[in-house]
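Structure below; questions to follow.
Which chain is which? They are A, B, C, D, E and F, in the order written, and residues in each are numbered from 1.
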Amino acid sequence: MIVEQYFEDYEIGFTRRTMGRTITEADIVIHAGQTGDFFPHHMDAEWCATQDFKQRVAHGTLILSVGVGMTATTINPHAMSYGYDKVRFVKPVFIGDTITVEAKITEKRDHPKRATHGIVIEQVTVTKQTGEAALVCEHIYLVARRQATA
Amino acid sequence: MIVEQYFEDYEIGFTRRTMGRTITEADIVIHAGQTGDFFPHHMDAEWCATQDFKQRVAHGTLILSVGVGMTATTINPHAMSYGYDKVRFVKPVFIGDTITVEAKITEKRDHPKRATHGIVIEQVTVTKQTGEAALVCEHIYLVARRQATA
Amino acid sequence: MIVEQYFEDYEIGFTRRTMGRTITEADIVIHAGQTGDFFPHHMDAEWCATQDFKQRVAHGTLILSVGVGMTATTINPHAMSYGYDKVRFVKPVFIGDTITVEAKITEKRDHPKRATHGIVIEQVTVTKQTGEAALVCEHIYLVARRQATA
Amino acid sequence: MIVEQYFEDYEIGFTRRTMGRTITEADIVIHAGQTGDFFPHHMDAEWCATQDFKQRVAHGTLILSVGVGMTATTINPHAMSYGYDKVRFVKPVFIGDTITVEAKITEKRDHPKRATHGIVIEQVTVTKQTGEAALVCEHIYLVARRQATA
Amino acid sequence: MIVEQYFEDYEIGFTRRTMGRTITEADIVIHAGQTGDFFPHHMDAEWCATQDFKQRVAHGTLILSVGVGMTATTINPHAMSYGYDKVRFVKPVFIGDTITVEAKITEKRDHPKRATHGIVIEQVTVTKQTGEAALVCEHIYLVARRQATA
Amino acid sequence: MIVEQYFEDYEIGFTRRTMGRTITEADIVIHAGQTGDFFPHHMDAEWCATQDFKQRVAHGTLILSVGVGMTATTINPHAMSYGYDKVRFVKPVFIGDTITVEAKITEKRDHPKRATHGIVIEQVTVTKQTGEAALVCEHIYLVARRQATA
């Protein structure tokens, strides 16, 4: 669904929450296959049994990709994804954990160079069914202004 | 391959370079399928033909996941991936582009709370066959010290 | 997104339209792999070159699955998918074709046995970038009534 | 395997039965990824635990696609799949259920417009290991006649 | 389809031929993902352009797996796959090549230890649309005898 | 990583050992999807429960492909994979088994026709977490000589 929003239209504090998604063994296998990261932390149940977590752990990039993907519900033609700041893997996600995502507009600032655009920060929090945060990051959007700054 | 390295062993300036990998239409289809992000920017060739880039663009999380995955070659049991800073999508990656990755140790700092560990920053640069950087980020590792700080 | 709607709330003529999606060779390969249907119509470019269409054709169940999936945007806890009627493969979909979907409420009728529920028909039309319909079907929903019929 | 059959050669009552296939969590993950349908009914084990079925349910289009795919064993160059009628999701298929398929020729009728072809109906029944039918549908084939009707 | 055959029933010279299958870029991407073999020979179009073949080449294990899989059409409950001999990668398979497979019973011999079973050799030849053999191997089956040898 | 080695540089007895990898239900589903081999031995848990092994078994070509793939760590531009001899499926691999691979140079011999190349044999052994060998084979490499034989 397309929802047009200019920089001026974003409101600090506006929050979206997604449905849940259970992270499966298949997700990890497919992510290893996509990225080529077959590290034993994700793929070797025997080795993991000898480590602190005792079981396989989802790749950090899997949780980031799925978490951000779960927020990709409305398209704003005036905004583009510019990057992420402060991505932190707070808690491991195990096979069978169910994650939900909250995305909250936390900051708006001028673009350092372009008068026609602003920067919008959406704080993304991926939470497990236990209530623990698994991943946090700041999603940075470059958004056109309705009216350029002087 | 396991390569043991303590915080003290990391050298600023140490650089790794990967082989190349061509980003395919199949990669984008699989990434959409894993993340649920079916935005027309990645999936709709007709719509893209009407946009600035004229063609489908790889998801940012695809290039981040594959780029970081390409650097996952040696396992250091004393280090763990802690997150990323300053992830920036500098240039779009199109179907058929070939990326290579350079990873360079750029910073070592004390952990704010733990005397037993330090923080190591590896600057990751994903470059296209054209020589342009497509994505940059700082990969943050939490690494055990051989000897705790006083 | 959850949108609660009882049988009484559905309006004949209400229409949704999706964004587009380009059907790729990878989609066909993945669908063959999921279903086990490796018929040469979908998988053998050499044989197809000797047939009427001159090229590989997407599986009917691929277009139905993707087409219906593209309409799966809002969840109504009072409705459940009950089946399809009059699924017709009107035109073949080739690799590189881009499809969009229109879903229109065309009929509401009493459930033959349950006073608590009604039947809602959503006419699904999958259209190619050429403007030709590729697939049509009636999606049948079983929907709870706010108030049971006498 | 190619088996040539004209309209005249189909016999009412002719029945085929397939081997079994266990529907796995991976099948559901791959189907969600292909279709973009990540509804919690299929993907969120926590939410499902609060619903009637208590567990994740396979997509209807997954069971239809796999069920029909399991019958795709012999190729008849004189027939083409034309669509489906009366597709009904009779019972949910859960992760770990094993399905088998029976396909039975139940009807032959003239094509409304073409003297050169007839319509053949194959009744498809997907059954679970419990003996319960999970899905039924009529698979409609358009089949060339050896001899056109007058 | 189940076809019961004892060792005595296999005839030297019996030959099966499959339909064709076009090897796609998606097949190579999926095979790399399954095996973890991301060598540039298969994945890096830029590097390949500097090599003898000028283009990406399918993994040997992909052609072996698909080639043998294409012959997996009838199940003999009295036989089991025991291994392969003389697997040779005769010609490279490129993206877009279409392969067909011929499987021919070429040898029957006593099992060195078991009087109840014999060894059957099926010569597998994977051929490209150019008529060139791409892969050959001997598929070794262990097959129960109807009557044990003295 | 590129490691240049001529025929003369290979040493009999040189041995490599990989990390482990757990074979998952998803691996089997993906391999069936890639090869088209949906035999009940791999896909039908109900039927398998009536057979000797009582459970689904990984495809032989899956274990061969993954096992060989796990050894694909260093690229030698002077060597190419030429085929396999004596591939034997010694023990079945079940869902949840973890395999590791040992690859050992066991033989060097002259090429029958080319004075510029030699043949190197690497014995590959895929072992389960139980210590049992699951698969063995000889991987045959064609390797350039630093100096052609007289």
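To be clear about the criterion, a residue touches a chain if its C-beta (ideal position, glycine included) is under 8 Å from a C-beta of that chain, and two chains touch if they have at least 3 such contacts.
If you want to know which protein each chain is, UniProt gives these names: A, B, C, D, E, F = Acyl dehydratase.
Since this is a predicted model, take the numbers as computed values, not measurements.
Superposing chain C on chain E by their CA atoms means rotating through 120 degrees, a value rounded to the nearest 5. Because chain A and chain D carry the same sequence, their contact can be compared by residue number, and under half of the numbers here are used by both. When the contact pairs of A-F are matched by residue number across B-D, C-E or A-E, over half of them reappear in C-E.
Centroid to centroid, with C-alpha atoms defining each point, chain B and chain E lie 38 Å apart. Each chain gets a centre from the mean of its Cα atoms; for chain C and chain F, those two points are 43 Å apart. Each chain gets one centre point, the mean of its Cα atoms, and the points for chain A and chain B are 15 Å apart.
Shared contact sites, meaning residues of chain D that touch two or more other chains, fall at 19, 24-27, 29-30, 33-34, 36, 38-40, 75. For chain E in complex with chain C, the touching residues are 19-22, 24-27, 29-30, 70, 96, 98, 129. Considering their complex, residues 30, 32-34, 36, 38 of chain A touch chain E. Those residues of chain C that touch chain E in the complex are listed here as 24-26, 29-30, 33, 38-40, 43-47, 56.
Residues of chain D touching chain C in their complex: 27, 30-31, 34-37, 39-40, 59-62, 64-66, 68-70, 72, 75, 81-89, 137.
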